[in-house]
Amino acid sequence: MTRTLTPNSPLPTVVPAQLPEERAAYPLDAMALAPALLGRPDWRLVSRAHHPTPTTIPLGGGVVLGGPQVLLMAGPCAVENEDQLMAVAQAVSAAGATVLRGGAFKPRTSPYSFQGLLTQGLKFLDEARSRFGLRIVTEALDAESLAAVAEVADLIQIGARNMQNFSLLSAAGATKKPVLLKRGLAATIDEWLYAAEYIMAAGSPYVALAERGIRTFEPRTRNTLDLAAVPLLRALTHLPVVVDPSHATGERALVPALSRAAVAVGADALIVEVHPNPREALSDGPQSLTLGGFEALVRSLGPVAASVDRML
Amino acid sequence: MTRTLTPNSPLPTVVPAQLPEERAAYPLDAMALAPALLGRPDWRLVSRAHHPTPTTIPLGGGVVLGGPQVLLMAGPCAVENEDQLMAVAQAVSAAGATVLRGGAFKPRTSPYSFQGLLTQGLKFLDEARSRFGLRIVTEALDAESLAAVAEVADLIQIGARNMQNFSLLSAAGATKKPVLLKRGLAATIDEWLYAAEYIMAAGSPYVALAERGIRTFEPRTRNTLDLAAVPLLRALTHLPVVVDPSHATGERALVPALSRAAVAVGADALIVEVHPNPREALSDGPQSLTLGGFEALVRSLGPVAASVDRML
Amino acid sequence: MTRTLTPNSPLPTVVPAQLPEERAAYPLDAMALAPALLGRPDWRLVSRAHHPTPTTIPLGGGVVLGGPQVLLMAGPCAVENEDQLMAVAQAVSAAGATVLRGGAFKPRTSPYSFQGLLTQGLKFLDEARSRFGLRIVTEALDAESLAAVAEVADLIQIGARNMQNFSLLSAAGATKKPVLLKRGLAATIDEWLYAAEYIMAAGSPYVALAERGIRTFEPRTRNTLDLAAVPLLRALTHLPVVVDPSHATGERALVPALSRAAVAVGADALIVEVHPNPREALSDGPQSLTLGGFEALVRSLGPVAASVDRML
Amino acid sequence: MTRTLTPNSPLPTVVPAQLPEERAAYPLDAMALAPALLGRPDWRLVSRAHHPTPTTIPLGGGVVLGGPQVLLMAGPCAVENEDQLMAVAQAVSAAGATVLRGGAFKPRTSPYSFQGLLTQGLKFLDEARSRFGLRIVTEALDAESLAAVAEVADLIQIGARNMQNFSLLSAAGATKKPVLLKRGLAATIDEWLYAAEYIMAAGSPYVALAERGIRTFEPRTRNTLDLAAVPLLRALTHLPVVVDPSHATGERALVPALSRAAVAVGADALIVEVHPNPREALSDGPQSLTLGGFEALVRSLGPVAASVDRML
């Protein structure tokens, strides 16, 4: 994964991005891509034009993001207490998840909402890793929480509201650890890739991009999941792509179908909210799957992954 | 398909819509749906609350929309001449499509753009049906073209720009023929279902809904395909749902991946633009698949359909 | 107002549109406009590049749209009965309105909502004109209602949902009468001008454009009023521009401030909903001003108009 | 300006927000506001329900934001060098501006774009204040730059991309200094007010809200200026409202008309980009007024302000 370009290198000639052809089962149309699919000259580190091979991100414990296996990242919106986290960790691990999600530091619209268990939440995540062999993804909100998160997380999440918090992006990149960059609420794909460029320019070779729905006029879903972003990113960048159907819809009943769609469209991982008792969740209950719901979802995903030459 | 409710019936008590449970492979979460999934009291004809069984639409020739088979509707954006149409019809039929699309009357942003071959285009479509055994879907723009279209089409298309042309909706419904109602550029799902209600209230029991992308801020795709609409519509209505990945993206390289996603999310049909020589198409060339591209797409779709217990 | 270009004329060389400089009080920046303000080559009739002088539209009775006077168009959303209409007509006329609005044919999201008084409503509008000397603007929904509307209306309204109903646009243009073209819910300014081009290409030299808010993610207002459209249209086209603050906000309490903004930004007219008893209105009650509210609004508008060298 | 509520106070009963009636010239409709205008129960500090009197913010030097005078804040997008800043400061001061804007720390989409002069830029701003008697508004990007900015700025700007950077909001509030909070690219008004609540809950009694356009589908302007936000905020909060027509449109030719609209709609201040030579600006040249353009704009604003009982 050596990179010959640094932020200070001269800009290379722009060449059109190519859609991936590595999956022989789906030979994509060989015609030249439309201008809309061309890359940007100063995506020096994220662009597929400059780094044609897909990046794979080792998360430790043999778990790899961006390879043939579609990873399942699952867990509660927020770490609420030890019992809740261990119950979810045990269940999602048994169902096939390899990465545990859970917020210790929570960005909340209102200053009076539950803000997370903070460092205590990180301790529970660390314990869950030991007990269940799961890798950990959790969010850093600022320079302070980043230092604490970086000690525990295998994958540091930068949330949608911080996608253009450029100082945080640079600080996250400087940890050299893998970073999961969520798309901003109304970020264009180009802005999102520039944000990833900030992280890589600061030192981390390992950035994954999480599509989590964009803000539109439709009131029946919390956001609108933009699955076209997945093949588009595949053409523009070598970085892995993750899909979050929970935040995208805000409604658990829609999560299974969109998860299957995300796998079929080519996502490298799903990140799904799961709670032992969604009705009592401190945040995002309506979009959290139950433990049984997650298990049923995973069972349905295997054949879909196989149908696009991937595995769970 | 008898209906006990008419537009003049007293409004029934609203009951929460239920997500479909008929596909045993995917038992959906049994918890009560969030309020956002409740129906509207005056969707008297389209609501699943009042008509729980999914509607299937016979298009003739044994082709059924809304059954276990995922239909492939394919063809050029516009019927340009006899050779073009027959070449596409032959190829898409051979590849597995059962419905031929092609515009004879074209709604165009500019009055100076090619407006279609009009009735001559309908004649070519009729001929293609005879020669290749395909069913025909084509658009009616107004009362005049509706009369002509209704004589030839097995499925009358109402385009996105006419989704709230209430007079046309009623006239289309009065033909009693199957109608394919495309979602408006910025229509909410509720407005879309009200538009379908207009058609049904005017007499047609057979309406299918086509998701074709909504207008958002993202400039890299022509529209943003809202695949969450598919399971959401499944909960709200008994009508079949079709997905149009061509208009949704405006870019042929993105069509295959989104087609697979659409099948995985539960669409009853795809409607895809195909052209023998996209570079010379009179409209929408950049989003049209080549003949070979369509064939390759279909091959990739079979396993995906099977993975969600459907077939092509 | 002769036009030397017809739809079949050769396309002229594109020249950059110029912002209006006729109001000496506001010398606009003389620097070249950004590329985003250039016109389209096939806006042959609507473009200011081809017809630099602003168009004024005589509505009869000495009322002129597009001149130094900012017109006030006011009235109920729907004509509900004779008493309601005459009460509003009398009040708005006394307050300074010169054009009466009121829908006889109503486009409604649901087929079971009040659809208007139809031709009876037109009769009441005709009567109000006679009694109060007001000019009439009312909406045509389709070819049928257009014929009836064209006999009564001084200004034929094409609604937002029909902005790309190209058959209706052409039919309205063929009447040769003045047409008020509302912007579609999610129409770009370019699409809107192409729609106006359809009307002009069909024969009407008199088209006015009504900004009525666009659909966005913000839930606190019904739409988002795009007042930048007013100076932008001034640069791109010679046609008059009207602003509808009622549909833009959906909330009467916001109408006065936005009306003042619309006058200050350079609108040629306001079209405002007024009802004698908004709580009992058959449609759009929450956004209708009371009779007293309209009178107070007009009083506040005079100084604003004067401040930008216009008059009421 | 004493506040009896703190974040830990029990929540008061929600009462409907009232539109301001203090400007007798414009008696607003006395009917009860629609439910959409009700406040949120946990806007304990920002809500007008709890603090009915409008807040005025003393910026020092006798300059007050939120009083009868509409403030003019003007200056370059970025402080580029001493000469540029002093030339702008002298010109805008002479034209009537009382607050100088200029970015020393610049949030840029690309990591390779000019990031500002940093602390050197702050020194130039400080010097401009001494020489021209202007108050200073400049942006803080993170905890580090906040400390430096707070020493120089009379009004600390939090940019649109940081509107939900909750750590930065709290840190800005903890300085107890006046804060200008720009609306996020796709932030709802409710989210914006919650962000202001974070600042106030951390200790600053002085927050002003800057509407700078929201992201929509319209490509001809950089953003869509939401002027309805101004009267809506007036109903919901006691905080002053500022309008930024430069970022809203991205096009200098549109800035004058929208500035007049902003004053007419009730804004307490304008913040406008001005550059001595926009063609050579290091950022946002196309939207910057020239020195002469700004002077002409100010001349046109006086009568508009007077027409709504304000003054410049």
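Chains: A, B, C and D, in written order; residue numbering restarts at 1 for each.
To be clear about the criterion, a contact is a pair of C-beta atoms (placed from the backbone, for glycine too) under 8 Å apart; a residue touches a chain by one contact, two chains touch by 3 or more.
Being a predicted model, the structure only gives us computed values, none of them experimental.
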Counting shared numbers against all numbers at the contact of chain C and chain D, is it over half, same, or under half, different?
same
Quick note, more Cb pairs in contact for A-B or B-C? It is A-B
For chain B and chain C, let me know how many angstrom lie between their CA-based centres, rounded off.
34
Which whole number of Å gives the spacing of the CA centres of chain A and chain B?
32
Indicate the residues of chain D shared as contacts by at least two other chains.
186, 190, 215-217, 219
Testing understanding: with touching defined as stated, what is the shape of the graph linking the protein chains, line, ring, star, complete or other?
complete
Show me the residue ranges of chain A that touch chain D in the complex, using the header's touch definition.
7, 42, 44, 107-112, 141-144, 161-162, 164-168, 170, 184-186, 190-191, 194, 197-198, 201, 215
Which residues of chain B touch chain A once you look at their complex with the stated criterion?
19, 25-29, 31, 33-34, 36-37, 186, 188-190, 214, 216-221, 224-228, 230-232, 234-235, 248-254, 256-258, 260-266, 278-279, 286, 289-290, 293, 296, 300, 303-304, 306-308
Which of the residues in chain C come into contact with chain A in the complex?
186, 215-217, 219
